[in-house]
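Per-chain residue numbering starts at 1, and chain names A, B and C are given in the order in which the chains are listed.
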Amino acid sequence: MERTAYRLADIAARFGGQVVGDAETKVQQIGTLEKATTGQIAFLANAKYRHQLEGSRASAVILSRADADATQIPRIVCDNPYSYFAKLSAFLNPLPECVPAIHASAVVGKGAQISPQAHIGPLVTVGEGAIVGAGTVVMAGCSIGDGAKLGENTLLYPRVTVYHGCVIGNHVILHSGAVIGADGFGMAWEDGRWLKIPQIGRVLIGDHVEVGANTTIDRGALDDTVIEEDVKLDNQIQVAHNVRIGAHTAIAGCVGIAGSANIGKYCRIGGSAGILGHLSIADGVEISSFTLVSKSIREKGVYSGIYPFSDKETWLKSASHLRHLDDMFARIKQLEKEIE
Amino acid sequence: MERTAYRLADIAARFGGQVVGDAETKVQQIGTLEKATTGQIAFLANAKYRHQLEGSRASAVILSRADADATQIPRIVCDNPYSYFAKLSAFLNPLPECVPAIHASAVVGKGAQISPQAHIGPLVTVGEGAIVGAGTVVMAGCSIGDGAKLGENTLLYPRVTVYHGCVIGNHVILHSGAVIGADGFGMAWEDGRWLKIPQIGRVLIGDHVEVGANTTIDRGALDDTVIEEDVKLDNQIQVAHNVRIGAHTAIAGCVGIAGSANIGKYCRIGGSAGILGHLSIADGVEISSFTLVSKSIREKGVYSGIYPFSDKETWLKSASHLRHLDDMFARIKQLEKEIE
Amino acid sequence: MERTAYRLADIAARFGGQVVGDAETKVQQIGTLEKATTGQIAFLANAKYRHQLEGSRASAVILSRADADATQIPRIVCDNPYSYFAKLSAFLNPLPECVPAIHASAVVGKGAQISPQAHIGPLVTVGEGAIVGAGTVVMAGCSIGDGAKLGENTLLYPRVTVYHGCVIGNHVILHSGAVIGADGFGMAWEDGRWLKIPQIGRVLIGDHVEVGANTTIDRGALDDTVIEEDVKLDNQIQVAHNVRIGAHTAIAGCVGIAGSANIGKYCRIGGSAGILGHLSIADGVEISSFTLVSKSIREKGVYSGIYPFSDKETWLKSASHLRHLDDMFARIKQLEKEIE
């Protein structure tokens, strides 16, 4: 693919910031300070990496005002180099264009409404009565269930499943292997065996949500499971039935969220964390990786529950006492009494 | 879809229980106390939610005898409202009907035996010599390996993989993205590199098992991996080679079970728990979420090993001592000696 | 399938070791000591299972020199029974043969270069300009992105996704549901919402790597994510963007590895462990299951951080003190002072 090169002057005209050095310098791609070469623009978002400026072969650099004089490389000085980089990179690396078409190998059910501006890739199935909006791209091997609805300008990478009746917003990205709307884990116990409870709710996914590879979001038991706008879910996350995730919350990989948990807006949840069912987490809460949230969190803040790792011998010694903390505590109390 | 409405009198005739109030009241769907509207029947299974009866707009309610007088809404009074709800919901919301057919886009290998009463959806592959029983539905994009066997009245949602030779029972449900029979993680170390050990066992799945989205069950190394009848597996569970899971056991999402673990019947295992390999868990054991079972459990009971979470500062203070528990213990002993 | 039987004499001629007993004994398959029957050869790799020799109905056994006389069954005595078994089993159970062909239902993009010695199964999509090497088998429903490259003698089980531009080596095995090259989890925060950072790096997978079912390996943000040769990844592992995993490292199921982590060669990582981002792990490190590695590990060794499980009452008693370890510590100090 032939890439277009842009002058720093053009970039600053479009995205703001101040050019220092040769504004005629042309760049066509982003790179890291360490590996960028001619024609690439790097960025410095964290002062910790300032030493990498020296020796960088990037043609240009995006910098904060504080670092403006830290190099002689032609540069764009701005308030937030990281978001500047994000916007410039999105401009230089647009998502695959939507070429309106329905591939001959796709299987489209009766009554499906596919926008003439949508792209349905090879070997896709679109169920009866499903709706696909304009500008939406459904890549190879996806399965869209009966009556499901995909909004506009949404992108499904290969092999995504959307179960019947689920609703996906606009500008959503679903990565390969994601499963939206499988049955929640609901059953009743009677006479020594399980009775399956039909899961008749849906999944509703808001605009600008991104769902990572092999992440699963279950449909509601009776009401819906709801993912609000601009939520970002990494890979291999499990979202159980009737969960609600508030707008702008970001969740890292391998997190498990149990049924009916209600997660606030603007939360950040670390990898492999867990959230038990039927509890609430306030807006703006941050959960550390590997932490199990076992009761509701009412106040904004950072919460952790990680067992610290160490070399195995050290761990063994400390862990062996862990089952006897209660006894240790009693002995301290006894000592205090005796001393008194 | 036009729904059929049923009188409470009809429902009680079919499922038991006692109608209190207008037995001519008609309902056609289940709803929650909070959101049910006209034509819907709600249920109260937990006294904690009794306050929701007030103000509910449900046309009818399923209640326990203890709560029989807690509302004036027409109601069905029964012993176990939750299982009553499960059965009524299954009646009102049956699984997709099996319309016998093999879609023209499916690819069927030679020697495959597909019942004339089975449904093979679009873009499915059925391997050579595979068997699909009557009433079984295989939805879009599934891949059934050579010689695999699917029983009767079983349902595979889109994009399920069943590897060669695996055996799936009757009335089984496999959700999208499930992978049954991939190779177990077996290798030998020799001369500074890994030798792959062929995994020649199968996976055997009993009747009435449900397997969640993106759950993986590995084939056995030599003997088979076995999932007994009525086992319920949630999403994103990993079951390694040669594991056996006893009948009626239910396992929540994101659990990892290592090779050759032997899990009893009637167990309940919480989300993101782990079970190490080559150990046994007795019947009726309950494991808390986020708990690693690192040795065999011989007795029925509830077992936990969760690091309690707290605000980050509290956690940091306590966690910093965790590596020095052995020292704390020694100092207590020393104090006791000195006092003596 | 008709299996070929081999004399112990033939096997020893091919793989070494010394035959004790009737060298004319014929075997055609491997079995466990417990379940092997006539025509099968079992092995004893761990003295703990020596009692299983008695009563075994295997036609032959592979043993270490130390166990050479522990049975009268015809046997092959060798240095490392486990790797001997691995090699013999690989010989008796070869991977599915590559029958060169492109299935009529496959969809191949323009400019794709598929070796005449490769096998492209049914309902596969191969993107524009993608390359598939000789001897490589791509099974049903896989999706190979534009410009992706698969090496030689590589095997993709059904429903694997390889995103655009990713590079897979020779003799690689990718299991069903694996997703190679989805976007890393990268975004910048600005004006109250997330900006997506295009992920323009690739995934590079070396020779002899095996990737388990539903494992996900994200493409790099700018530079590449790299999996070196002979790395073995079990099922449902999440590898974030720009991670590097050193040669010969083996990682068990459900592990999560955060962005830019750099894992050494010859490491072994237990199931459901986690590794935080931007840290380094030395060569030869072993991490226990369920352990979160929260800082770099500079020295070879075994590292753990597991909360020990117990019956729930015991756990509750000890866990309740965990948040007050700091207070316990202070009280010990105070006692020491008072005694002094």
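The criterion applied here is as follows: a contact is a pair of C-beta atoms (placed from the backbone, for glycine too) under 8 Å apart; a residue touches a chain by one contact, two chains touch by 3 or more.
As the structure is a computational prediction, the values presented were derived from the model and not from experiment.
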Chain B against chain A, contact positions shared by both copies (same if over half, else different): different
Angle of the C-alpha superposing rotation, chain A to chain C, to the nearest 5 degrees: 120
Euclidean distance of C-alpha centroids - chain A vs chain B, Å: 26
Shared interface positions of chain C, touching two or more other chains: 105, 123, 141, 159, 177, 214, 236, 254, 272, 306-308, 310, 320, 322, 328, 332, 335, 339
Residues of chain A defined as touching chain C within the complex: 29-32, 34-35, 80, 82-83, 85-87, 89-90, 92-93, 103, 105, 121-123, 139-141, 157-159, 173, 175-177, 208, 210, 212-214, 230, 232, 234-236, 248, 250, 252-254, 271-272, 289-290, 306-312, 315-316, 319-320, 322-326, 328-329, 332, 335-336, 339
Contact set on chain B toward chain C in their complex: 105, 107, 123, 125, 141, 143, 145, 159, 161, 163, 177, 179, 182-183, 185, 187-190, 192-198, 200, 214, 216, 218, 222-223, 236, 238, 240, 254, 256, 258, 272, 274, 276, 287-288, 291-294, 301-308, 310, 314-315, 317-318, 320-322, 328, 331-332, 335, 338-339
